[in-house]
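As written, the chain order gives the labels A, B, C and D, with residue 1 at the start of each chain.
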Amino acid sequence: MSGSSFGKAFNITTFGESHGQAIGVVIQGCPPGLAIDEALIQKALDKRKPGQGISGTKRKEPDHPIIMSGTFNGLTTGTPIMIMIENKDAKSKSYDNIASLFRPGHGDYTYQAKYGIRDFRGGGRASARETAARVAAGAVAQLVLDQQGIKIKTYTLEIGGIRANRIDDISQKEKNDLLCPDSEAVRKMELKIAEVKKQGDSLGGVVQIIASNVPAGIGEPVFDKLDADIAKALMSIGAVKAVEIGAGTCASQMTGFENNDQILPDGFQTNHSGGILAGISNGDDIIARVHVKPIPSILKPQKTIDENGNSREISTQGRHDICAIPRINMVCEAMMAIVLTDHILRQKTLG
Amino acid sequence: MSGSSFGKAFNITTFGESHGQAIGVVIQGCPPGLAIDEALIQKALDKRKPGQGISGTKRKEPDHPIIMSGTFNGLTTGTPIMIMIENKDAKSKSYDNIASLFRPGHGDYTYQAKYGIRDFRGGGRASARETAARVAAGAVAQLVLDQQGIKIKTYTLEIGGIRANRIDDISQKEKNDLLCPDSEAVRKMELKIAEVKKQGDSLGGVVQIIASNVPAGIGEPVFDKLDADIAKALMSIGAVKAVEIGAGTCASQMTGFENNDQILPDGFQTNHSGGILAGISNGDDIIARVHVKPIPSILKPQKTIDENGNSREISTQGRHDICAIPRINMVCEAMMAIVLTDHILRQKTLG
Amino acid sequence: MSGSSFGKAFNITTFGESHGQAIGVVIQGCPPGLAIDEALIQKALDKRKPGQGISGTKRKEPDHPIIMSGTFNGLTTGTPIMIMIENKDAKSKSYDNIASLFRPGHGDYTYQAKYGIRDFRGGGRASARETAARVAAGAVAQLVLDQQGIKIKTYTLEIGGIRANRIDDISQKEKNDLLCPDSEAVRKMELKIAEVKKQGDSLGGVVQIIASNVPAGIGEPVFDKLDADIAKALMSIGAVKAVEIGAGTCASQMTGFENNDQILPDGFQTNHSGGILAGISNGDDIIARVHVKPIPSILKPQKTIDENGNSREISTQGRHDICAIPRINMVCEAMMAIVLTDHILRQKTLG
Amino acid sequence: MSGSSFGKAFNITTFGESHGQAIGVVIQGCPPGLAIDEALIQKALDKRKPGQGISGTKRKEPDHPIIMSGTFNGLTTGTPIMIMIENKDAKSKSYDNIASLFRPGHGDYTYQAKYGIRDFRGGGRASARETAARVAAGAVAQLVLDQQGIKIKTYTLEIGGIRANRIDDISQKEKNDLLCPDSEAVRKMELKIAEVKKQGDSLGGVVQIIASNVPAGIGEPVFDKLDADIAKALMSIGAVKAVEIGAGTCASQMTGFENNDQILPDGFQTNHSGGILAGISNGDDIIARVHVKPIPSILKPQKTIDENGNSREISTQGRHDICAIPRINMVCEAMMAIVLTDHILRQKTLG
């Protein structure tokens, strides 16, 4: 049953497999009259493109988005916007030797269990490549947010257990491939990545997402809470294993007095809530964090089984990232933009 | 816009405010022929009923569920099941003094910002009382799961920073009001609760949820992943600030080799994935954890503002829990049952 | 799977069986701040209440609506509005003799085929009684339309093949029980009803629905067209077998030149389109017609089978209408109000 | 807000404008393991392709469908199937002279009112070209129906008021371009089309749709009735102005005894219900009819206004059909296939 659509007022539907003809997205509910072109989408896609640094895969996808519908003379028309990205650099042969093996940590086993058939090439529909469609949609969502002055920032907070401590200026993240604003932490992260790479292993990490200038009153009781939808949106990113809002896991260790954000005439005294109370934005920064598992494709040999249940050993030889955290920054930004746009449009139905 | 419905094949819609006439739920998509009566729902509701112990509120709601539709001669008929719980012990007067004050940590401010009007009595729609409707629906969902032999267990893993370490036998949780299977931890938690109560303060904690016997293949790519829907379902519970799946936040600190669950002919070697790979169940236990903030209603005076923006002090005098973790156990169980039932029914459309 | 909900921005979910405890509706997406009380709902329900005239059933339901949630101090709050109507005058014994018989023209056979179980009392979920919940929701929808000055009128255009020809003043329909503005036609209809009643038979008819003052631009391409949603809404009323928009069936017999509504500076020259072009309102009156089959419950003996497939004869002895057209007027008005409100709120997401 | 998606278990989302880069459809919920290729889709598209006969437009679109995702080695995988058709023969210049004029009977005026912007080339999103995407989806839906032995037939029942009376053998429709099984009526229709063409005018008509072998029990109470969804699906086809089920408009003129389909041990005695009782299939043929308005694009001069509201005259010079009924046959077949597939998959969630 349908599961590749997300959002109610601003609604996206993605399609495509890693090594099929193309991946893409249909966006419904985008307001008309917004200036949009392929360069704008390209810019967003470039930010998640693999292959730019120490942590990245060697697959070189140009990732050229084509806007196939929904615009006229450079403006959105209010009708469905379809953006497609053709798969150019798909080396399917690399995957032939694992056609009948289930890679640990991947969806091979579960897709087979679900459908009785699977496109094993590059992970098929479960490939991280699908997130390019999300990023394209996120760029369109951001156009709606721009009208309200809403900005979303993300950064790498942790890689391989090494946490950034000095985050005075998020823009410092642009100075390194890991998108971490703490230069000292970056050095340690780079060393760790190099070390783990030698071992044929991989790393995970933590990404922080901050949306500023979100007006108070966004979000719906009681299931479509803003934080509930953020949690779903972020957890739907392949490797994410935990989502925190505001103080997150720490909130459970404080007392009510410590955790409550007391209210002053000029705003909340603290922001432990992450800008959301009872599922509705309070005007403060929306803050979320995702914890991302290490990339499951590793050279290091692992135990697995084949489709007949026989014990086998596997070493994934594809072109994979050591650490996907830099790329996931952009996917998190996109998903946050999509959730906020959806809820901002939903809010308009009340007025 | 609609936000009080959840689920696609098994769909629930809740309604009601803390001090309105009633709260309740309409359940759509429940298969016909299941034996159901009010005693069954009552049993589930009793498990979340406040007022049973050291940590609970003094509000005494009988919480008698009435099945108003969808059954005939004690069996479900396939048509919408409406279950209603009347509000009997609503003391609205207690709230008169805060009609124009925004309680820190509550939805007062955000509901006012969203709607320009709010039912301030007991938190209105944002009250934890709404979760009784979820628990009623969860009891119905569990009937579907029973047919498949799926069991859901929850327990209190942490309160006020005190973590249960010895969890050999989950059923030990029945021996105490805090629903924690580690008796030693319980003693410390009780002391902490007593201490915090004296200070007019409150505590949060962590609940662990385990669903066993879920077949492999449940969940939908790519947005309606099983873990994404679990994250949404759990984050939609009022006080939850973080959701983890499997190894959760720890997954981000392991290497790929450490985190991957290697596959043996008789199953997965470990269960860091929490039973979910690429958003689809792998046949192992589904494991989730929620981190719950402390109850925001505290006696300790806090700074706030009134509706005109003037600085004020507030001390919440209502009948509130010190620690909601025991009650939230049952709500987590219900939401997990609802998500699993929804996805199990969705899976049938493929066959 | 869920099928008792309708609408996306203004969303209703109905529940209840003819002889269960209650029927009702949960309304989501109603804007806050609208003045509402039970008298307002009662007024709408009174208009569809059976038992007022020559054509009606003898069942005497007080049909008292109770607003259980979603309002505070007489105003809507933006949260789900649940309106419930208890079943008081349900004489279930009348139906005992047909517990195992399938009444021709009714849903008995198909519900049994679908669910393998059915609440046979009074048609259960398939009873026309369910439409009371729609009428209650329609009264709430009308509050939203009132803000825009949108009015919906309906009248009986035809009963038993006798068509109203003189429709100069729709308000004339209030002068008779059949809700037909042509007094001469009414006399003929009454005679026909009396005649058919003697024969233990029943009649159908045609209802015309007109919504005026709908702004241009309402409706969504390409599936959720305004006329497509109207067609669904009206066809979902039990006995409706055909839905026309504007010139309807006659449009297919005109040429393009005859049928096109040419455009003058002060508006459309004609209104064959029924106020809808390409699924979007054009500012003219929205016009729809429904063709309603005769009530299937008749005293005249008919052939049927029992649950074991044996040939039987049946004569329906319940308290039924001879002609439901007067009541269906109100249900059509309600469904039109719900569709228009839904689309008017949806349109706001573009702005 | 989203309106280009249809179906809950079998869900389609279409995109594209008449003169944009491409049109297409994303299909979600298609079961895995079905054999599918582009030739199969092509065959369906060829049946609706314009330009084959006396009544058709001169636009020559090759209409080559490309399956971009959701299949592997010629089988569906259960993931979204995207089928795209590039626009090759789009002569946008033909439309330049009407960029600022609203064509009577078209969506020009209403799209402008709704969005404040429109792609005027060939009707943009409102073009009948969009139905090619529906036909592609219908071909996929039919694969699911094939597994159940469900067949859908359509034929031209009426053109320009000339009705087919002798319908002994539907397959006779293949002998003529008008897809009407009554050869005598065809001759009259052809004469009428030729006559109307000379006058620069156009014709509408009636299409009959019959689905056989649909099992009893398909359809959902109370809004997602099978007939309600059929009505929406068919009314969403651009030029349709009325939808009938079974006896349709005639049902309203019969008595209950005449209209009821009495039940014999071997089935229903008649089929006035059109195979649907209380919104659920009864095992008999599903019968629907659509009444289609004449094509609004005509050479004959008509009064209209320009975007500034000035009075103007318009004569549509594009390459248009005189009568779209033959093409609409295929679109009706596709929409019926989509509705039935959706409800057949939904029914599985009960089991």
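Methods note: contacts are C-beta pairs under 8 Å (C-beta built on N, C-alpha and C of every residue); 3 or more make two chains touch, one makes a residue touch a chain.
Model, not experiment: these values are computed from the prediction.
> Return the chains common to the contact lists of chain C and chain D.
For chain C paired with chain D, the chains in contact with each are A, B, in label order.
> Look at the interfaces A-D and B-D and say which one is made up of more C-beta pairs in contact.
Pair with the higher count of C-beta contacts: A-D.
> Which chain maximises the distance between its CA centroid and that of chain A?
Comparing chain centres, C lies farthest from chain A.
> At what distance in angstrom does the C-alpha mean of chain B lie from that of chain A?
26
> Determine the centre-to-centre distance between chain A and chain D, using the mean Cα coordinates as centres, and give it in whole Å.
Inter-chain centre distance comes to 39 Å.
> In whole angstrom, how far does the Cα centroid of chain B sit from the Cα centroid of chain D?
46
> Could you say which residues in chain B touch two or more other chains, in rising order?
Each of 1-5, 8-9, 14, 29, 32, 78-79, 114-115, 125, 221, 345-346, 349-350 in chain B touches at least two other chains.
> Quick check: in the complex, which residue numbers of chain C touch chain D?
It is residues 1-6, 8-9, 14, 102, 104-107, 109-111, 113-115, 123, 125-126, 130, 158, 160-161, 196, 199, 201-206, 215-225, 227-236, 238, 241-249, 251-265, 269, 272-274, 276-283, 291-298, 300, 302-305, 309-311, 346-347, 349-350 of chain C that touch chain D.
> If you look only at chain A, which of its residues touch chain C in the complex?
8-9, 29, 31-32, 78-79, 221, 345-346, 348-351
> Looking at the complex, which residues from chain D come into contact with chain A?
Listed in rising order, the residues of chain D that touch chain A are 1-5, 7-9, 11, 13-17, 20-24, 26, 28-29, 32-33, 66-70, 72, 75, 77-82, 84, 114-119, 124-125, 345.
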